[in-house]
Amino acid sequence: MTLHLQQISKSYGPAAALRDVTFTAMPGQVHALLGENGAGKSTLMHIAYGMLRPDSGTINGKNGFDSPRAARAAGIGMVHQHFTSIAALTVAENIALTAGWCETGAAAVTRAALIVEQLGLPLPVSRHAENLSVQLRQRLEIVKALASDARTLLLDEPTAVLAPREVAELLEFLRVFAARGGTVVLITHKLDEVFRAADRVTVLRRGEVTLSDTLDLQTPRSLSRAMIGADIPAPGRTVGPRGKVLVRADQLILYGASSSPASFEIHAGEIVGVAAIDGNGQRELLRTIAGVDGVGITSGTLTVAAPVAFIPEDRTSEGMIGPFTLAENLLLGTLPRGASWIDWRAIHGQTETLLRTHDVRAAGSGALAESLSGGNQQKFVLARALAGNPQVIVAENPTRGLDLLATQSVHQALRDAAQRGAAVVVHSSDLDEVLEIADRLFVVARHEVTELPTNTSRDVVGDAMLAVATPR
Amino acid sequence: MRTRTVVLFACLLVACSKAADRGQTAVRVALITPGSITDAAWNAGAYKGLRQIRDSLGLSVSNIEARTPAEQEEALRSYARQGYTVVFGHGYEFQDPAERVAQDFPNTIFVVTSGERVRSNVVPLVFRIHEATYLVGMLAGAMTHTGKIGFVGGMELPPIKLGYDGWVQGAKAVRPDVQSRVTYLNTFDDAAAGKEAALAMIRLGVDQLHHNADAAALGVFSAAKESPGVQVYGANGDQVSLAPDRVVASAVVDLPRAFLLVARDVKQGTFTPRVESFGLASGVIRLATNPALEASWPAGLKGRIQAARDSIVAGTLKITEGTTP
Amino acid sequence: MSDPILPVAFAAAAVRVGTPLALAAIGETVTEKSGVINLGIEGAMLAGAFGGAAGAFHGGLAVGVVAGTVAGLIVATLFAIMAIGARADQVIAGTAITLGVTGLTGLLAQQVWGSAGAGLSLPTFPAWPLPVLEAAPFIGPVFFRQSPLTYACYLLIPATAWLLFHTRLGLEIRASGESSASAAAAGVAVGRTRTLATLFGGACAGLAGASLVLAQVGTFTERMTGGRGFIAIAIVALGRWHPWGVAIASLVFGGATALQYIFQASGTVIPYQLFIAMPYLLALAALGVAVGRHRGPAGLGRPH
Amino acid sequence: MTVSTRQGELRRDISQAIGAFVVGMALLALFLLVAGFDVPASLTALWHGAFGSWYEFTSATLVRATPLIILGLAFTLGAKAGMLNIGMEGQFAAGAIAATWAGLQIGNAPPLIGVTITLVAAGLAGAVFVSIPTLLRARFGVTEVISTLLLNFVGAALVSWMVTGPLQEPTRSYPQSSAIGMAARLPHLGAGSRLHAGFLFAVFLALLLFILLNVTSWGFRIRAVGAGPRAAAIIGRMPVAGIGAWALLWSGALAGVGGGVEISGVSYALYQNLSPGYGFTAIAVALLGRLRPGLVLVSAILFGALEAGAAAMQRDAAVPAVAVQVVEAVVILVMLLSMRRRA
C-alpha cells in the first residue's frame, strides 16, 4: 500500500512544526525519514498514524485519520520511540489491545502465539510485559504494530535502545518485510542505518522537506547537509592532564546486581564513556557513583571525591521542578544541609549570572523552569551541575532530545569540565555518542563492568554490549 | 496581593453599617434546633410547636438549624441581639451557652429543652418522658412472649437514658424476669443502622422494641414490620401510622403543646422563670395507644396501667435513674 | 452466641449489610481500574438513595430502582465532567461533589416530602427466597433468602470480573488505568473509556443507595448513607481491585458491622463506641497487612 | 492561560479565586431563584449576616473563619509536600479531646501558660492521630487519602466515648465534659464580642507558615518534595518519604491545634458535634487560597462569611441550612475548573 501525505501543515500556537510537507512511501521499499531532533519527523508520523490531526493537507487523498484505530484499519502500524506496551498486562493482552482484537484471555494467547510464529518474531506471549528484556520489549512493539495485518509499518527511532547486532537483525527484518510487498517508513538520525537499510530517503529540517530522493544518489555528506543546513565544525578535542584518582571502586558489587565484582579507577581530567544497553546495570552503577537514588552496595568499596554533580537522564522530572522558578531550581541543587534562612536576593543574583555565563535563554531568574525549551532546560541543568565546581560529574544521556548544536554545546561543556580537572562519567544509549566523547570506554553488560580500549572497533564494542542482551 | 487585601478589608469596614437597631416591641419567638427539622421526631416536633405559636398565637417566628456548639452560641446571641422575646434552644447542649449569653441580654427569655438549671432569664424545659415510657414498658412486659425486650437509642443522652430506664422498670413491674437489651447507634440519621440494630435484637429473641433515635428509628419500625410476632412502641410522637398493625402504643412528648404553653405565658405577661417540668399530669407527656390492638391486651392490663398512671401523677410511683439491663 | 440460629442470622446480616457496600465498591473497582478515583461515590450513593426513595414514592419499586441508578449516574456525570473533561484533581472534585449532594438531597427531600419526611411510606422489596438454593444448609438462609438487589449484586460480581478480564472493553479499561499514554498510543479512547467506567461506578453507587432504601429501610433521611461510599473506596483497596476480592472484603466489612450490633445488644461493659469504630479500625489494619505494597492501577488518580 | 513567572502565577491565582467566588455567588442566586426563594431578601440576609455590622463580621464571620484558617493551613502544609490530608476532621477531634483534658487539669495556671499547654496538647494529639496513616504509608505504602479518611470515623467515635466515659462531666448525665478552667480559655477581644484570641493566633500561624514555606530551607524542602519528588531526591538529595511524613505529621498537629482553639475559644467543653465538617470545608478553603497561606487566610474569611451569611439566610429569609453546602460545593467545583492546568 502506498502512503501518500500531501501538503501537510501543523502548528502549535505560533510555532509551525510542519510546513507543506509532501511525503510518499511505496510498497516494497524501506523509506528512511531523516532529520534532527525537532525537525518534525515524529509529528509527521503521528499525523500519518491518526494520533494528530493536520491543520491542512491530505493523507491518501482524505483528511487524515480520526484515531490510531482508523489508521490501523487502513493497514498502518506504528512502532513508537518509547515503549508503549503496558507493564502490568501480558504480551498477548498488549498485542490484543493494539490490534483491536475482541479475543481476550486464553483465546488471545492462542492468537498471539500464532501471530508471533507467522511473523518470525518469537515472544513468550503469556508473560507480563514488565518481565521482558529490552530487546523482547522492542520486538513486542513491532509485533503489536503488525498484528492487525498492517502492510505499512512506521518506526520512530526503533534502534535507539538496541545493540549493534540487534540493530542488524531489525534492519534485516525490515528489508524482508518490504521485499514481501510491505511499506516501511524508518525514522532515524543515524546515517549508517539509512545506508544499510533504505531504498529511499526524505530529509526534514525545521518542518520542511529539504531532500527526497532514491538513496543511491546520496552520500553521507549530502544527507548531513540536508539535515543540518551546513557543515558542523568538529569540536576541538584536547585531552586534559590525567590527574589523581577521584573515583576508586574495589571489588564492588551492587545490591540486586549479581555477577562479578568490579574494580576500576577514574582520574581527574578524563571522560569515561559508559556503553550499555538499557537494563544492564549502567543506571545503577552511575547512580551509585553519583550517590543518589539509594542503590545499595552489597560488597566491596567505592570511594568518590566530593563534590559530585549528577545530570539525570530525565530532566523534566528528575533534573528540575517544572513549576519552580529557575532560582528555586538552582537552590534545589545548592541547598546546604540543616535548617537555614534563604537569601533569595543572593540566589536570584547567582541564577542571573549562571544564565548569562551559560547562555541559557530564559525570561530571567524568576522564570518557571517549565517555560523553557528543552535545550535551555538542559543547559541550565548542566550549568547548575558545573556551578559547584564538582570534582566528579556523572551524566546519563545528557543530550537526549537535543538538536545537534545543543548536543555540541553539552559535549563541549563536559570536555571543558574535564580539562579543568574533573572526572567525568557519561553514559549514552547512543553508542556513537559514547565513542565520540570518551577518553576511556567502559561497557556494562549483565551488571559486569569491562574496560575496552578506545580504539576498539564499533562492532566489537557492540558484541561486548550484546553478550547480555539475550533474555534473562 | 497585599494591596488587594487591604482594599477588600476597607470595603468591609465601609459596609459595616449600623445594622443592629431594629428593635421591635412585638413578641417574637425563635427556635434553634440541633438537627434537621425533617427528622420526623425531636426537631420536627419543636418546629411544629413553633408553627403553632405562629398560627394560633399570631406571633412572628424564626428558626435555624445549628449543629455545633459554635453555631449554637452564635445563633443564641444573634436572636437575642435582634430582640427576640423568647429563644428556644432545643436540647440539653444549649444550657451552658444560654447561661453565658443570657447575662448580656436580660430582656430575652432563653428556654432550654431538657435543660437543668434555672436563671433569671434561662428556663429549662424538662420532659419527664420516662413517665410515659414506664407505661409503654408495662405494655411490653405484658405483651412479650419471649420475655425479652429491646431499646434502640440514637445517642446516650440523659432524656434517652431516662426513657430507657422507665421502659425497663415498667416492663419489670409487669414481668419481673424480663430481659432487656439496648443498642446506641451514635447517629440519629442512619435508618439502615437502626434497622440492623433492631434485627440483631430480634435474632436474640427480642419481640418488643422501643426506641429514641429520631429518623434512624424508622429502621426499627421497618425491622419490626417484616418480623412476625414483633411489636414496636413509638417515641416522642404518636407513631402508630408507621406500622398500624405492629405499633402497640407510643410514649408521646407533645412538644408543640409545651412550646405553646410557654409562649402563651410570655404573651400574656404571666411568665415567671422556673423549671418548666412536664409529666403525665400536664398532658404534654402521655401514652397514646393503638386502638386497633387494644383487643389483644391481656385482661386487666388496662386497669393496671391506669393505676400506675395515677400513682405517677400522684407522686407515689417514682422511676429511678440508672437501670442495669 | 449459644443460640444455634445466631450464626446463620449473623451471616445473613453480614450479606445484607454488605450488599450496598459491595454494589458501590464493585462499581468503584471498575472506575479505579480505569485510573479514576471517585470520592464522589458517597454523594452518588446518597443521590441514589434519594432517587430510589422519590422514584418508589411516585411510581413503585421498579421506578425506584431505575431512578436511584439514574441519580447515581447523574452525579457521576458531573464528576466525569470535572475530573476527566476538565482534568481537575480527582480527590478534591469527589469531596466537593459529595458535599454538594449532601446539601442538595436534603433540600430536595424537603420539597418532595415536606418537613415531615418520607416516613415509612415507601414500598420495599421483600426477601425473595430462591427455590432449591434456599434449602441448602447454612448457605441457603445466608445467601439465598435475600432481596432481589442482593441477587443483582451476585450477578454483578462475576459479570464485572468477566467484563474486566475477558472483554475488549475490560482490556481497554485496565490499559487506561495502567498507563493512559500507552493506552492512547494503542488507540484506546482513554477519556471515553474512563468516562464509561466512571459512569458505571456512579450507576452502581446509585443502585447501592437505592438498595439501602428499597431493600433495607424503606425511607429516606438526610445523610442516611453515613459514609458508606467512603468505606466502599477502602473496600476496593482491601479487595485488591478485583471484583471477587471486593466481594469478600464487603462481606467482611458487613460482618464487622453486623457483629457490632450483636455485641451491643448482647450487653457488654465495653463502650459501644469501640464497636462503632471497629469496622474502620479493621479496614485500617487490613489495608496495612493485607494490601501492603499492592498499589492498584499504576495510573490511578492521574489525569490523562 | 500561559504563565511563566511567580508573579504571573500569583496574579492568575487571585483573579481565578475571585472569579470562582463570583461565579459561585451567581449560581447561588440562580439556585435560590429556581428553588422559589425571595432572592433579594435572601442575598440581603446573606450580606448582613456576614458583614452587616462590626459585630456580625467579628462574632459570626471571623469566629467561623478561625478553625477554617487553621485547618486550611494544615491542609496546605500537607499538600505542599504532596500529602493529601483528608482526615483533618479526625485530627480536629483528637485535638479537641486533648485540649479538653489539658484544660481540665491545669486549674489555676497563669493564663498564658494555661492556654499554651492546652494548645500544645491539642497539637500533640493531632500529630499522634495522624501518625497512624503516616506509619501505614511509610511502612506498608497505604495511601494517606484512604487511611486518613477512615480515621475520621474513628475520631468521631472517640469523642463520643470521651463524653460518655472518661471526660464526662461529674454528674454523668450529659454527654459533655465539664467546662475547662479559666486559665485554658482564650480571651475574648472586646466585651460582648464572640471573637477570641484564637483568631489572632490563626493569623499568626498563617504568617508563620508563609515565612516557613518561603524563606526557610525547612519550607523549601517541603515544597520541593511536593512539586517534584524525583528531582528533590536526585538533585536536592532529600529524603523524600521522610519529609513527606514530617509534613503530614505537622499537618495533623495543626489540625489538632484547630480542635484545641475551638475548645479554648468557643465551646469551653467537649461536645459530640464539635465540627460541622470543618475538615472537609477547609480543603476547599485551602484550594480557593491556592495553597498560599495569605490567600488561605482570605479564603477562610470568605467561607466564614458565607457560612455566617447562610445562617442569617435561614434565620431571616427561611432558606434551609443545607443550601450552603450546595453553594460551597459549587465554589469548589468552579475553582477546580479554573485551575485545571495545574491539577
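Should a chain be cited, it is by its letter among A, B, C and D, assigned in written order, with residues numbered from 1 in that chain.
Definition applied: a contact is a pair of C-beta atoms (placed from the backbone, for glycine too) under 8 Å apart; a residue touches a chain by one contact, two chains touch by 3 or more.
As the structure is a prediction and not an experimental result, all values here were calculated from the model.
**Student:** Measuring between Cα centroids, which chain is at the maximum distance from chain A?
**Tutor:** Comparing chain centres, B lies farthest from chain A.
**Student:** Look at the interfaces A-D and B-D and say which one is made up of more C-beta pairs in contact.
**Tutor:** B-D
**Student:** List the centre-to-centre spacing of chain A and chain D in whole Å, with centres computed as mean CA coordinates.
**Tutor:** A distance of 47 Å separates the two centres.
**Student:** Quick one: chain B and chain D, Cα centre-to-centre, how many Å?
**Tutor:** Distance between chain centres: 33 Å.
**Student:** Just how far, in Å, is the C-alpha centre of chain B from the one of chain A?
**Tutor:** 74
**Student:** Between chain A and chain C, what distance separates the C-alpha centroids? Give it in angstrom.
**Tutor:** So the centroids are 46 Å from each other.
**Student:** For chain C, give me the residues that contact two or more of the other chains.
**Tutor:** 106, 110, 222, 273, 276
**Student:** So which stretches of chain D touch two or more other chains?
**Tutor:** Those would be 157, 160, 164, 320, 322.
**Student:** Any chance you could list the residues of chain A touching two or more other chains?
**Tutor:** Where chain A is concerned, no single residue meets two or more other chains.
**Student:** Give the pairs of chains that touch; include all such pairs.
**Tutor:** Every touching chain pair, ordered by label, is A-C, A-D, B-C, B-D, C-D.
**Student:** Chain D touches which residues of chain B in the complex?
**Tutor:** It is residues 1-2, 4-5, 8, 12, 15-20, 30, 34, 36, 62-71, 73-75, 77-79, 81, 92-93, 96, 104, 155-158, 161, 186, 321 of chain B that touch chain D.
**Student:** Which of the residues in chain D come into contact with chain B in the complex?
**Tutor:** Listed in rising order, the residues are 10, 14, 47-49, 51-57, 59-60, 63-64, 67, 156-157, 160, 164, 173-176, 179, 192, 194, 262, 266-269, 271-276, 294-295, 298, 308, 311-312, 314-316, 318, 320-322.
**Student:** With touch defined as at the start, can you tell me which chain C residues reach chain B in the complex?
**Tutor:** Going through chain C, the ones touching chain B are 3, 5-6, 9-10, 13, 16-17, 20, 106, 109-110, 113, 115-117, 119-120, 124, 126, 212, 216-219, 221-224, 226, 257-258, 261-262, 264-267, 272-273, 276.
**Student:** Sort out for me which residues of chain C touch chain A in the complex.
**Tutor:** The contact residues of chain C facing chain A are 165-168, 170-172, 174-175, 178-179, 181-189, 297-298.
**Student:** What residues of chain C sit close enough to touch chain D in their complex?
**Tutor:** 37, 39, 82, 86-89, 91-93, 95-97, 99-104, 106-107, 110-111, 222, 227, 230-231, 233-234, 237, 271, 273-274, 276-277, 280-281, 283-284, 287-289, 291-293, 295, 303
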